[in-house]
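Here come two complexes built around chain A, the first alongside chain B, the second alongside chain C.
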Partner chain A sequence: MNVLLFGPELYFLGAALIFFSLTLKRKVQVKADYRIALALAAGGVAVSVLCLFQQGELFFKAYKVDLFSQIFKFALALGFFLVITISHNLAQIEERYHAEFYLFLTTTTIGMMMLVSAVELLTIYVALELSSYSLYILVPLRRGDGIDVEAGIKYLFIGAVSSGFMLFGLSYIFGATHSTYLTEIMPKMAQLVQSPIGVLGLLFSLAGFFFKLSVFPFHFWAPDVYQGAANQVTTFIATASKAAAVAVLLRLVALGSSYGYNFTQVLVMLSIISMTLGNLVAIVQKDFKRMLAYSSIAHAGVFLMGVLTIKEAGYIGAVYYALAYLVMNFTVFMVLSEVAKDGRDLKIVELAGLWKRSPILGLSLILGIFALAGVPPSIGFTGKLLIFTSAMNQGYFWLVLIGAVNGTISLYYYLRVVYAAFFMDPGDLPPVTVSFPTRLLNYALVAIIIGFGVFPDQIVRLAQAAVKTVL
Partner chain B sequence: MGSCDPVLLGCLLTVFLPLSAFALIMIFTWRYHKLSMAISLVASTIPLLIAWYFFFTLDVKQPIIYNFNWLVSDQVKVPFGFLLDPTSVLMFVIVATISWLVQIYSIGYMGGDPGFGRYYADLSLFALAMLGLVISSGLLQLYIFWELVGLASYLLIGFWYEKFSASEAGKKAFVVTRFGDIGFFMGLVFLTLYFGSLDIATVNSAALTAKMPPWLITTSALLIFCGIMGKSAQFPIHVWLPDAMEGPTPVSALLHSATMVAAGVFLLTRLFPLFAASATAMSVVLVISTITLLLSSTIGMVATDIKQVWAYSTVSQLGFMAMGLSAAGLAAGTLFPGYYHLTTHAAFKALLFLCSGVFIHHFGTNDFFVMATQGGRKLLIPMATITIAALALAGIFPFAGFFSKEAILGALAHLPNKMWLVLGLFGAFLTAYYAFRVIFVMLFPKEKYDKYHLETDPHAHAPAHSHGHGPGPGFTHDDAHIHPDAKPGHEHDESGHGAGHGHDEPHGVPWVMSFPLLVLAGFTLILGFCQGSLEKYLLGESAPHHIEYGLLVSAVSCAFGGIALAWFDWGRRGAKCVGFISYVPVLENFFIQKWYMDHFWRWFLNTFIYGIFSRAFTYNDRRVVDGGVDAVAFSTVGSGRLLSFIQTAFLQYNLLFMVLVLAGVGIYLLMGR
Partner chain C sequence: MLLFNQLETYLYLAIVLFAIGLYGVLARRSLIALLISVELILNAASINFMAFNRFLAPHPAVGQIITLFIMAVAAAEAAIALSIIVALYRKLKTINIEQATELRG
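And now, the complex of A and B:
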């Protein structure tokens, strides 16, 4: 067994230990802790890059290291790093809990990293729960007036119910196939989905990931958690956690390329309902984070569209879009947490005149929003294009049509944000000062959103290579 | 078709040099006047050299064609290329030469204008568009450049955009020509649909060999003629050209007399085989061009603004060219007479405009009566050259106009119905009259011109420079350099040149302005004697000229009759200084009101466009489109509001909902298996 294959996870485990020791300190040193966290996060990105092209199996083949998993580990490490960069003022979290914040953020990252590599049912389940439990703690960490508690409870309960379903489903699959290894289950699935036990097992086991991805009907937690959690926590949930969920969903759904008509139909329906519901309800939201929560529900539908094709093209699209979504969603959340420096929940109208108050944030916001809306030439457009094209080629005409209509509907609320930031009078809202590192971050994000939108070839090729190891 | 082919390289340079000049000036150097001018001059001098080089050395008896695929989409291939044959090379030379001369002339005319750099950028854009139009190999490409020319025209007419009338005139020109271009485009669509190719050579040869059904030829020719009517200002959509005189005078010389408006006639010659194949289309062209000739000559008789006179003269001469072409088409003649007149007209009309520009620049007025009383004839070079040009316009031997008019009248004489010849002769008579009305007034000024001389005193232009530009650097006098640029048919409400033209002294004529005059005067003198060689160049052989003395005599007598009448009315000592037409006040008023064409269009617009179409479409827009969109938007928002009720704070309902949905899906899967 080559320990180095476990590199990123080990690194983050070590980081978790360091953070754990920080939590034990009696004297709170916010600044120093932050510096350590930033350094460790940056190191995490470096380690995950170094481990990008590793291959192998670990832990009695329950754990598979391939390009696919390593790309997502890189994405997770990047997401972690990005969240840390905007955590320099954790106004919403009490100072003595800052170290805990870092600790649990690290453990949830470890959980997700293991999740994307796990190819055995129990490992998947344990990894999922590891990441979920950390988030259950992180969500109510915000100091507040009870909204955090409500969000935390809601998150926990819905998570628990979907976990229950998932376990139930996994047990069916295990019962039917007498194996917990995906590689062994895979050949038997084609036959299994013909029987009730197989169908229900599959459906229920997907529930856990639908929950993470906030696909209808497991979406109820999203608005409350997005609003109730601290901005940084929400950012992590909205970016890294989604990427991990997409990764596992790709692995699981790839199990049975012969699901049969009905099962695909169910996925199509869930995708359509998620998109439509998310977009329609987002229109009436006034709180920026709540709006983004519904936008994430809508995006879950888009991801599902890429997944359900169970073809290489769709998977490439989904991987590309997961990476793109991480960047563009982060961009928007970064602007949000920069504008709401005191950690309050930002109303959309509070973005009024942002381009005057901080031109660079205005630029990032408009690009991030346009990328989310899928406006060319951003990465969001390219990702959507890849997914829609593959779905179209698979003959899901109506799904694509509804997706396109939904894209139009989504413009309504995305453009409301742009309208607020660029056309509304700032009134007496104060200017936003942006520190130099944040400025650099802004430039980098802008460059990525445009650059990889115009020249997506590299990423697509990487995604192609990654997907080959899954399908 | 190697990449180092010098001819191809020349064509590419011709198109890309002005393009890059335009881009360079507009993006970078428009602030630096001298630099912009230098860039533009370089980008127009090289095409000039290329043009003359092609003209003299290139053997284009067999057309040289370059085609590249520009857009390829399934079945549709849109080529982009160049076609060099005698027709295009001659026009190439005309355009490049006059464009270059006007750019030289503008150094003096536009000097000190705050928009100097922009002016040269626009001229470069025009050069790009016009040269590209001339050497296009396909009709779609030609159409694109055709529209670009229109854009350049719009920009240049409204160059002094601070002036309301100028920006209005720019808009009018653009919209009216676009109106014609709709027909043009439909013609192209027709050809594409039913013939399948827009390549000029293919279309022409198909028309020649009768590969196209007659109905297609007639329809497409008539539709394309709509575009020609717009661009070449033919009745009834000629109304934009007189207004276009709001632009700077060199622009009027270049675009609105010599080259751009001639693009319509050029297209007629370009597609001459197509037009000639349809007698119906040619008859329509003949009728319309004859009406245009007479209408605008009569208006030219009563205009008091010197540029208006030449503008209407341009319209009438364009009509005359079209007459020549259509007559030739009907009587199995060649395209030579019309094209020849286009060539000579380009020289002498540009000369007329540039001379007038000198006077306008010098006296700060457009009213030639005012110029006359202030001593216009003292400017020797422009006075001499304008007289030469007017002689050419009137068709007096030995100037160029004589030969080309003769050629057209010869073509008209071949028609079985001699009425057209008579009308053509009448047009020539009127032309001579209005041209020499201007000349005699300028040469032999009288003390007072009560009838036409409007009560404006050029020295009382106190508010003349209140147009938002600060006075130019050397500005000291209020009196000089005010371009009245009167809206036609209105009082001469003076407005500034649009520029703080700053000169201290009423200057003599700078050489940059007189040099182009002399060159053009030279062309006007020699072009007439090039008839034979030009014909040989264009047609490959020179038809033997048997001179019809009857025709010659009548034409010359018409011209001299017109001049004599002008002398009687305006020139001689003790002349009454009222046109003969004022003895018929009804007719005179009719002409002064420009045949009520502006009124007609105003009425037409108000009644039909605004009254019916606009109303209906606005209603449709408000109620159906907006209403529909609003309904969709409201119902979308409403459904969002409705759906948001699912999101309750009651956790147990949420969980119940989740379980129920999942159970439902499970049941569906089990049942539907």
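And now, the complex of A and C:
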């Protein structure tokens, strides 16, 4: 019984040990290693489904296992599995480092899994650093002419500064409430309403997660890291990592529920700036991954909009959108890494005529892009609808209006991708061959994007049951 | 009341350290100096934790344990940072962040 409580983490820990032993092998066997990784990742999804309805507390109540955490653990295991499925062709990572790639991908997944369950400040900090440090190593693994290392340096230093901010903020929360347990901090936060040190402490402690989510003051790394890292690593950063960040933000922002105006006002500002800045800069991008990076900054603003309502409806929207974002962003990145088989950075014009070069990838791309843009009947639309209505019901009229205007701006650069893929002449760009498993993956993703967009009830109900334990 | 036996002294010290660290992060261009600045920020947080633990917190050890963890994690961070700095130096022959400007747009 107790083992199942800690099941997904233990499983991935075991997987990490296996990958570690693979890194020690003297002879490089890329194909065999990949098969092991794929099997282990599929097992991880199965284990996380098995543990979906576990409930309990571990490690002196520093670690809470509930539906909320288990849903996100499932999302993380799924993200890990999906990234492994597109890693069959790790062209940009030297062959002798493939095992290390799997190893650090696993450790960062463990870190994020612990992060979504942690309800104690020190546990949150250590889990966050475990997940971040593995990513810091993954980014410069790419072989290239120095841009990978440059991206790695930027990622590391912005991450280190933001976690420094977070620790500084946590220290004030600890000082003001004399406790490190969220359950004990929550009732005492109400007394801190008047003191600026409390607001500052809480805002600073959110910095670490603003960094992960690439919210405005900590967003500088996103475009460079997206472009500089190998496509598969970027995919992981853009999907699983965001879901984990949303989960912890939901837990921590709930602490500010008694703050009222001042606290949420700051979040409203950050949300507006993130959305506007991300969308406006995305318009001029030529590199596909850079454009997606700015789109992720814009999406961070949307997530924040759901979080800052601090009400059940907004939280449901945020959970739903986090899961949806994982699927739709992965779909786009999957197309990207299939088209750029040699692992190069894809320009948007290189997508020209994708519809003719590979119809199935063209279909996935258009659905993924439309979902990101929030076009019905995709999951992206349903998620945005949930978040916008909840913010509207809370009286954030201007925020919703700016969000809607931003949605329109974002259509411009999303449609540019669609235009390239469907109306531009492919010229002498070669056709893209898609293997049978990838084809299956494409069908599954398309079915999820449409299916859960039209019938979101199941997921919404699950999210509703999950957020009850957080608020 | 002695100066060193007051909570405020340590809180001000931590804020000063934090500010120096933040200034260093924004102003310095050498990666080693950046790393030192980041460590200063972490140490500011550590001082806060220790001070709150000494003067306010009922449980005697929580703040100290957190500080120990911060030290261990910061050591790991320094190891990763230095290894990436070495990798950068091998490729660009410099550790000045302004030379690393290939990614733009």
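Following the convention adopted for this analysis, the second predicted complex is superposed on the first by the 469 of 471 C-alpha atoms of A that agree within 3 Å, B and C clash if a C-alpha of one lies under 4 Å from a C-alpha of the other, contacts with A are read in each partner's own complex, and residues count from 1 in each chain.
As a convention for this text, contacts are C-beta pairs under 8 Å (C-beta built on N, C-alpha and C of every residue); 3 or more make two chains touch, one makes a residue touch a chain.
Treat the numbers as computed from the prediction; the structure is a model and nothing was measured.
Once the two complexes are overlaid on the shared chain, A:282 sits against chain B while remaining clear of chain C.
In the superposition on chain A, A:384 contacts neither chain B nor chain C.
Contacts of A:165 after superposition: both chain B and chain C are touched.
By the touch criterion defined above, A:223 reaches both chain B and chain C.
By the touch criterion defined above, A:153 lies against chain B and chain C together after alignment on the C-alpha atoms of chain A. Once chain A of one complex is fitted onto chain A of the other, the partner contacts of A:299 are absent, as it touches neither chain B nor chain C.
In the superposed model, A:357 lies in contact with neither chain B nor chain C. In the overlay built on the shared chain, the residue A:416 is in contact with neither chain B nor chain C.
Judged by the touch definition given at the top, the superposed model places A:98 against neither chain B nor chain C.
Put simply, chain A uses residues 150, 153-154, 157, 161, 165, 223, 284-285 to touch chain B in one complex and chain C in the other. Considering their complex, residues 150, 153-154, 157-158, 161-162, 165, 194, 196, 199-200, 203-204, 207, 216-218, 220, 223, 260, 262-263, 266, 277, 279-285, 409, 412 of chain A touch chain B.
Within the complex formed with chain C, the chain A residues making contact are 121-122, 125-126, 129, 133, 136-137, 140, 145-147, 149-154, 156-157, 160-161, 164-165, 167-168, 170-172, 174-175, 178, 180, 223-224, 227-228, 284-287, 290. Within the complex, the chain B residues that touch chain A are 633, 636-637, 639-641, 643-644, 646-647, 649, 651, 654-655, 657-659, 661-662, 665-666, 668-670, 672-673. On the side of chain C, the complex with chain A involves touching residues 14, 18, 21-22, 25, 31, 34, 38, 41-42, 44-45, 48-49, 51-52, 56-59, 62-63, 65-66, 69-70, 73, 76-77, 80-81, 84-85, 87-88, 91-92, 97, 100-103, 105.
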